[in-house]
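In what follows, chain A forms one complex with chain B and a second complex with chain C.
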Partner chain A sequence: MNTTTVPTPQKPWETTNKQRLSTASIIFAAILISFIVIKLTGLDGKLGFLSTLFIVSTLLIFIQQWRLRDKAAAKDSLLSSFALLGMIMTVIPIVSIVYTVVIKGYKGIHFGMFINDMSLNSVNDPIKDGGLLHALVGTIIMVGGALVISFPIGVLTALYLTEIRGKLSRPIKFLVQAMSGVPSIVAGLFILSSLVYPVTKSLSGMMGSFALSILMIPTIARTSEEMLRLIPQELREAGVALGGTQWRTVAGVILPAARSGLVTAIILGMARIIGETAPLLLVSGGGDSLNFNPTSGAMGSLPYYIWKAFLTGGTDEAFARAWGGLLVLLAFIFILFGLARFISGRKGN
Partner chain B sequence: MSTPNLVIPPPREITTKPRRSDQIFRGVVTVGGMASLVILGLIALFLSLKGIHILREEKFDFISGSKWEVITDDSGSIAESSFGIGAMLVGTLLCSIIAIAIGVPIAVLGALYLTFYAKGAVKNFLVSLVDLMAAFPSLLYGFWAFFIFMSSAEYWAKLLNKYFGFIPFFEVPAPIFERSPFIAGLVLAIMIIPIVTSISREIFDQTPLDRIQAAYALGASKLAMIRAVVIPFGRGGVIGGAMLGLGRAMGETVAVYTVLNVVYQINWQVLFGAGGNVASLILLKFGEAGPYEVDALMAAGLILFLLTLFVNAVADVLINRFGSKGR
Partner chain C sequence: MEERATEVTTNDGIQKSKDNQEAVEKKMQTQVAPSSLASVAGNRQARVPGSELLGTGLETRGVHAWFGTKHVLSDVSLDFAAGTVTALIGPSGCGKSTFLRTLNRMHEFIPTAAMAGQVLLDGKDIYAPGTDVTKIRLNVGMVFQKPNPFPSMTIGQNVLSGLKLAQIKRSDTDELLESCLERAGLWSEVKDRLNEHGGALSGGQQQRLCIARSLAVSPQVLLMDEPCSALDPGSTFRIEQTISELAKTMTIVIVTHNMQQAARVSDYTAFFLSDGGPGAMIEAAPTSKIFSSPVDKRTEDYVTGRFG
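Moving on, here comes the complex of A and B:
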């Protein structure tokens, strides 16, 4: 009787223990050599150490690859080292920003800040006095107003690009792209020259909404266009085949199907404009007291509150106040971003 | 018994003309779709309306000149004025070129890492991190840079000056390294990295899989594959992404205003603590500007608007020519 021997399955692509050991020893050697280099040459600081570490470890890996394999593999290892370096250099600032804001900001956070405004306080008063209620209310009103203006326009633009696909699709796509590149200060100047000086002659929250909506429309239009493109063509055909007009198909089938995508577009648009500062400095007036009326009177906002505390203060209290405001702003952005991820991820998976 | 009356319905008219409701729908959507055109047109129109007389008065000096002064006589009316944004245009270019020179290589390397090296959860996490970073407001970058980043950047500037000071670019007339165009350029680089990274990543993702696999099948290493397939395919798109970043960097207001020491003079020495850009000039001068000066600021805004529009147009052409179709 013949017995066939089944060979044990091999997985040559998996890292063996030997490879792991050599990688670990290279890292260890790199750290050791960088310490020695730093001690010998008098380079100092984190930057000196990290750059030495990078150069040494890249060189060691390069040599090892050349020894074990060949020149091509060694060059290949260079690219992977540099790609990793690029990623690390991208990530360092964001980690530093979030860390800084949290560490410096939590001192400026207290319960009273959410129920008081700054009408009776200056930025240099003790932290416990005053608060940012007026700024929160102003930001919510202005962002809400911008949303009311931008959402219909953004969605109509997206519908034009996906449903009508007229001759002008290509130019309009370009114009939306160009609009997203309009500098925020130009948006402010535009509202000043077109509405504030000729028409209302006074700064107000509504003007802030108009300026913000110029920045918000392209974000909403592009995100909803992407979302509408994800709707399968079969749904459109099914809607028309059942006798629906295009209008009924869009209103009854396409938009409901894209609902979560449109909500994502709204959220990303809000995240885009919630921290905008330059246009609000020009057109919203920047008040210090609670104002619920967007049509008249100066209206505060979170970015203005932070801006004012940083620039007009100078004491530790003012800085703590500003960092606290930044922390609140950052928290808003995190929440909006998390929501967008959650909503768009829920359907996909 | 009566025979049932046969009613033959008249044949329905067959037409490709949309119904009334559809006509209204298409009209409304088309009008809405034109909004971006209308808004951009209105921006150009209103800024020109306010600023055109300044441009007409100053003629070419508005772009090349580097004076910004308003002299009022005793009664408060304007006796003499001259506006020129030359110094600020130089500053704008300087800062954004530094930003591009430093930001784009890092961003492209990062995008290569995200596309071809990172896997699974790490990749997802890093992609959302980069997206989140793109949504951070410039205010946040500005103050972080002013309080945290400035000291390290100043140290790097000193190193550059020490070892490369013989190059005229890196000279300084006085040892003031704080708040220089170099540091502002670094901050702008940090701000545009997420934008350029995500565009480059999208372009790299579109590289045809069959070409990648063909390269691997021929025995290419990752480096050889990227050089032979990904770079030729994605070059135009990446350049377009860099242009988009350039547009963003040129229009940046708050971060530059916070970091840079805005001084009204032409300064080519990137490490010296004086400079400016057009957007920060507008913000700086707006507070104390009289109606006449505001018109000049509008004209400056118009120039900035046209400049960014041009850069964005080039970026768009590049991304669409090379991005979606490949070669």
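Moving on, here comes the complex of A and C:
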């Protein structure tokens, strides 16, 4: 009879309760010491406490590691602590911003704001009057327009750099990089002086899309280029070896393989422009009434709505309105990004 | 591949200590003697070229190749008769893969590449001005060293991708799909999962998927660049079976580092070597002759494992 005993599955690499206890006691000691230090020195407040806590706990872990193991392990723990500090310093502002916007913004949210515009109201009116429908529509139209213009141009530029690799690749790459540093007000002024004054002679949403495109194209081109470079050369060879022309290989193999990367390019491109206020103020005017026509008439946008409520108001109502607008903008961005991720992840990969 | 690597190390050691009796004995045990590979080659079922409906033969005339200013391949003239399997063997860097890539104009895919000479498909030079390079690659298919199914496509779409890429219209795609997978020896394993992604298959299955993909556009010649070097022995065996099946209807040129594989699957073998300069073809002959009584001393040294 075969009597092999099967050992119970274990995870010897996991932290034991004893180790957890020692970590917990170190943290507890650190909190205690920081508390005493603060009481003694008068370094009061949350920031003072947290800074002291960080220094004390880093020191305690450093000493513990040195005693338990050696100098190298102690140095290692120091690096871990600083990495943790870096992470916290990145996360705190983000969490703080989202928290502030939600806390201050929800008072400005009401159903009416999604069906009304500000054509008959001033920012100082009671919060229940008026709304930001015009701004939401304007942002969607102008950002959508900019995306329609920028995505093909940006991806084609990236394809020139990665697939054609022509003689102009280097200067074009340099230009694209330089363009991504163009201040947004310059993009607005460029459209104002090259299209609005000489050609259309009036402000419109389309001009806003053009100005935003100037900011969006470099981001999309650079990100797409990085993504296309990640596609293995063997896939290009396989496509061509099957009798495909270069363009059919690009369309049938390369772009589908890079799809989720291209969605990332779109996300980064939209993130670059969705909060832009200055160029839109110059070329699309910033209207207060609902306007679905991008070719004529001033068009509002969420950043403009927020800017106007903060700057021209002054009452609590106006501030609530601005914070409400911020919350809507933030939610809008999250929804867009989630949607993009969902679309790119749905099939394959 | 691993088996071969140990052979080489053993033999290197032996050369340095020829008088060492122990090593000589070891050599007797481990080395694949010329006669054994010759018998492998001799045991192959003899194939009579031209006995069935066969693809076109391929001829090369004085082919040279360069990368930038580096001359990597010198003056190769070689005939591939229709319906035969030819193995290209030789140490790394001898230009055999480069030579293979000149046969379907994949060589020019590398920006610094240059070449001279003629490659005749059906009697016509594929490098003649005005030749449609996509037509050439349709007729001369290629299987690469690393399995490279298209990641965005399902198994079925992968097989039929050539039709899409070359814009070939066919109404009987279902039959084509089945027959290509059948010929590549993969049909029974994937027939119920044609809508899964190619990446879900094992390495050996992926490589057979790539073979099926090449077959879908009905090439007359199939080039294989070390198709088994990334695969385990079982998958290698399946692919060798596939090669034998395919050779009934097409011309096959295979680059391999595995000499047993060359002996097992090929009718003809060409030995390439570089002596520091550009690679050149040293000898080409029926496979059983290359492994039993090669004319050139360097060929003999290589196939018996004395260097390489």
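Throughout what follows, the second predicted complex is superposed on the first by the 284 of 349 C-alpha atoms of A that agree within 3 Å, B and C clash if a C-alpha of one lies under 4 Å from a C-alpha of the other, contacts with A are read in each partner's own complex, and residues count from 1 in each chain.
FYI, a contact is a pair of C-beta atoms (placed from the backbone, for glycine too) under 8 Å apart; a residue touches a chain by one contact, two chains touch by 3 or more.
Quick caveat: nothing in here was measured; it's all calculated off a predicted structure.
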item: Touching partner for A:G138 - first (chain B), second (chain C), both, neither; value: neither
item: Which superposed partner A:G287 touches (first chain B, second chain C, both, neither); value: neither
item: In the superposition, chain B vs chain C on chain A residues touched; value: B
item: Partner chain in contact with A:F190 - chain B first, chain C second, else both or neither; value: first
item: First (chain B), second (chain C), both or neither touched by A:G324; value: neither
item: Partner chain(s) touched by A:R165 [first = chain B, second = chain C, both, neither]; value: second
item: Partner chain(s) touched by A:M89 [first = chain B, second = chain C, both, neither]; value: first
item: Chain B versus chain C as contact partner of A:G205, first or second or both or neither; value: neither
item: Partner chain in contact with A:T245 - chain B first, chain C second, else both or neither; value: both
item: Doubly contacted chain A residues - partners chain C and chain B; value: 245, 248
item: Interface residues, chain A side, partner chain C - complex; value: 165, 232, 234-245, 248-249, 252-253, 256-257, 259, 348-349
item: Of all residues in chain C, those that touch chain A in their complex; value: 104, 106, 109, 111, 134-135, 137-138, 141-142, 144, 146, 148, 150-153, 161-162, 164-167, 197, 210, 213-214, 217
item: Of all residues in chain B, those that touch chain A in their complex; value: 18-19, 21-22, 24-26, 28-37, 39-40, 42-43, 46-47, 49-50, 105-114, 116-118, 126, 128-133, 135-141, 143-144, 147-149, 152, 155-156, 190, 193-194, 197, 221-224, 226, 244, 247-248, 250-254, 258, 279, 282-283, 286, 294, 297-298, 301, 304-305, 308-309, 311-313, 315-316
item: Residue ranges of chain A in contact with chain B within the complex; value: 45, 47, 72-73, 75-76, 78-80, 82-87, 89-91, 93-94, 96-97, 100-101, 152-153, 155-157, 159-161, 163-164, 166, 168, 171-172, 174-179, 181-187, 189-190, 192-194, 197, 214, 217-218, 221, 245-248, 250, 268, 271-272, 274-278, 281-282, 303, 306-307, 310, 322, 326, 329-330, 333-334, 337, 341
